[in-house]
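Shared chain: chain A. Partners: chain B in the first complex, chain C in the second.
Here is the complex of A and B:
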């Protein structure tokens, strides 16, 4: 039943494509074997309707063992999702919440208590226009998105206000995800070029800082051009740069 | 990406039990092509060219919506058509409505409640079949933006010549000497008609013939959709 779907992994699918999932076996409870083995998990771009699997976004079909499927594409507009870390810009301070622009359809709210060591007395020093690295704890289509700058242990864990002397720019969401992937070739190659600091938000915002303005700009231009380069072209470009064509 | 269209035939079509013949010589569409993601600031963009007719489309959204236009359980879709010269008039408004209703039918608007989607269509050159070109460009731009869609759609225009022959994808000159002009939006799932816009007089048989011809032509466009997406993602594997 999943073989047809698995055969399509890595190929282009369009909205309106559908697959039939035979759920007759999955619904009955079996005491002997593992009954949840064949449960299909639909990621972004796929939805279930009865025993059919419908594609609603164009892109490449991706698969992760055992039965997780999603559509991968190069989009530009961010749709907030719970648990993702994003780069936000503080747009206003009102009462006890900050309004933060994260590139979604509406601004996210961030409580001033959601910082490391913040109390009612001890307010964090956040100004309008500051950059924040924060995590979404509430993100669904019906509610306002909500951010925090602490992890579950109350530690900042890299989150909070940042961004003195660096450069912020936008890339496609696909490139941001590629940079964040655990074994990212692109990131490994960048690390070999020259020392730099980089903050990647899942919302397609990228902040870079290197030694000197010129190098920061070179890095930003490189990352922007990586969008449309094949791995071979990219290695050539990086090679040229390493040889001192800077 | 230009895909040249040879004349292709579909000998018979069944409609309500009766067989209809459309002679292959009339079922041809002009060369068409598309470029996606050509604007940097929009969330999705596409230009679509059919012969000499050319349209540029840009999609913005899901974005913040004005309180007066907010709908609590689905996204607000706005379609703006810009003519080549001058200000939009009644004709453009009517076309906007046709495009908007087609898009609303194919988009899953309930997945982005209280947000706005804007589709801007700029006419670059009009050499006939403009409404179908608007539909095709809009669909490509929405696909590029990654908006949730239940199916794709395409637009096909048919003209009935004064001598009764059906011309698909007519030029402006062919449109001028036709007695009736019909534009259909056809969905990619069941190849059914989603929207019609007609002008002039024609019989029921002629309309059904036109629908059959458009459905045949739509298959060409849908295979083009798939091919163009495949080429676009060929690099990022």
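Here is the complex of A and C:
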């Protein structure tokens, strides 16, 4: 089965496609049996059902060494996942927690103590409507999502309230992931255009700021249009912009 | 599900941008978004896209007893559905404040202005009249639902045909479309609503606000007008004080917009009619541009790029001033009209984007070219065509090419490349 999965890496699969556990094959690994060295890890979009491996999202099959497989798809709706960093909007302050909209089906909660240097006396200055960059520490389907603005060492590490003077807008989750990828062409090309600040949340929210309203708007429009451009088209567009469309 | 809250940062940015006379989508203050009107296969079914706002309307009719105080008049009513499909903030099956407001406004715009001859809907006085029902469904909410709804409603009413009836003595026969041709409603005029958003207590004004602009606006003024410049209804909400001059200015802008939109609706109706007469396919599916969604990956098309700059410069120098085509209506596909697609915007992002598309998606439908830059591209396309097996344009020498180009550019540069394009596709 492993070889068949590997053969399909990078190709388009649809919900309902399945891989059967073939016990006669030479390179068989068993999902049910005692764990061996090569265990297959199913990421989002793949699900085990008995001795079958089902695809339940349409998209491309991705693979990461040694045996991690998942489906890469275009999404617009965000489903919170533990450990992801997101951009949230504070909707209310109630007692000692803030309610934050992160684009999921429910609002997430954020304790006022989960900020760098916050104590019972020293409350962080967060207003309703502020933008927050935060990390999800609790995210499962049965419980309310929970955010923090500190890392495990108690440092802010880039998280917290931000967003004066920039523009927030939404893109698809795929584009947000593309921007966050370690070697992102898109980001590298953007960097060469003009100086800007950008915050990318895994929930598809994007915040950009550049010098002046015009440039910020150009940047936002550019990023929105990047959604459906091929790299060549994108490079041409960026090239034109760099040549002095501004 | 609750609506996504608007962050302070968005609000501040929007207001700042409006002060600097900039809008999120690159429009000017008085610009309308791209408007697209399509008709379904059934009579009275219309689908309007205003930017990302999408509205669908379906007209239906029924024989009912008239109201007692008006025995000679047909009945017309409107029903607006705000489904969760349009926006997660809308709830199914509950009359929200917004839907009541929209419904009321639509009634004021279309029924109270007496744009439809209700007396012609009477079959037997005091006994049987036609009841016309207009169902307006919001499919996507990106601001300015009222304008989109009014355009959709009036366009679908214009498109609608009711069955013919015959009366013999006391007997009323309703003929099916096979027996007798259905009859259109008699429409006196077409009221169309135009919305104006006011910011900072009326200091700044925007036409056709999008969703985020609607959320930061202070007040809204909706003017329903017909092309004879008669105001059918006017409503101001948000509690702002407007000056007399502002209302006058708004009504002037509205009259311009209304005449444009009316022209577009007429054009779309006419197109649909010709498409139906020709017996060809019509309806939404036919008017959807193809290869839009799946345009992530495309095969590259060879485009001749050597000495393009010189040639383009040459063309630009020798070309005549392009005719003002911004107001002209253009119909890329049967049963559909659109306006404002290629209007010049303030910083050119859109143009460049479209430019790219043209260079690559060479099989896409050509639209009105506005800019000289776009024109160059078209000429490149012509070059490309001449490379293929077409034998209409034979190019032997570069001079000949240039001459050919000049010829095309002098004789209505808009139509010619588009036509050769079509030929090429065949």
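Keep in mind that, in the parts below, the second predicted complex is superposed on the first by the 230 of 246 C-alpha atoms of A that agree within 3 Å, B and C clash if a C-alpha of one lies under 4 Å from a C-alpha of the other, contacts with A are read in each partner's own complex, and residues count from 1 in each chain.
Assume contacts are C-beta pairs under 8 Å (C-beta built on N, C-alpha and C of every residue); 3 or more make two chains touch, one makes a residue touch a chain.
Just so it is clear, the model here is predicted, and its values are computed rather than measured.
S.K.: Once the shared chain is lined up, is A:230 touching chain B (first), chain C (second), both, or neither of them?
M.R.: both
S.K.: Looking only at contacts as defined up top, I'd like to know whether chain B or chain C touches more of chain A.
M.R.: After superposition, C is the partner touching more of chain A.
S.K.: Quick one: is A:216 in contact with chain B, with chain C, with both, or with neither? Answer first, second, both or neither.
M.R.: Second partner only, chain C.
S.K.: Is A:19 in contact with chain B, with chain C, with both, or with neither (first, second, both, neither)?
M.R.: A:19 sits against neither chain B nor chain C.
S.K.: By the touch definition at the top of the document, which applies to A:115: first (chain B), second (chain C), both, or neither?
M.R.: Neither partner.
S.K.: For A:133 in the superposed arrangement: first (chain B), second (chain C), both or neither?
M.R.: neither
S.K.: Using the touch definition from the top, say if A:105 reaches chain B (first), chain C (second), both or neither.
M.R.: A:105: touches chain B and chain C.
S.K.: What is the contact status of A:69 with respect to chain B (first) and chain C (second): first, second, both, or neither?
M.R.: Neither partner.
S.K.: In the superposed view, which residues of chain A touch chain B and also chain C?
M.R.: 105, 107, 228, 230.
S.K.: Can you list the residues on chain B that touch chain A in the complex?
M.R.: Touch residues, chain B against chain A: 37, 43-44, 61-65, 106, 108, 111-116, 143, 145-152, 187-189, 225-226, 229-230, 233, 235-237.
S.K.: So in the complex, which bits of chain A are touching chain C?
M.R.: Touching chain C from chain A are residues 89, 91, 101, 103, 105, 107, 127, 129-131, 163-168, 207, 213-214, 216-218, 220-222, 225, 228-230, 232-233, 236-237, 240-241, 245-246.
S.K.: Inside the complex, what are the residues of chain C that reach chain A?
M.R.: Those in contact with chain A are residues 1-2, 4-13, 16-17, 20, 22, 24-26, 295-298, 300, 347-350, 352-353, 355-357, 359-360.
S.K.: Which positions of chain A touch chain B when the two form their complex?
M.R.: 10-12, 14-16, 54, 56-60, 73-77, 79, 104-107, 141-142, 174, 228, 230
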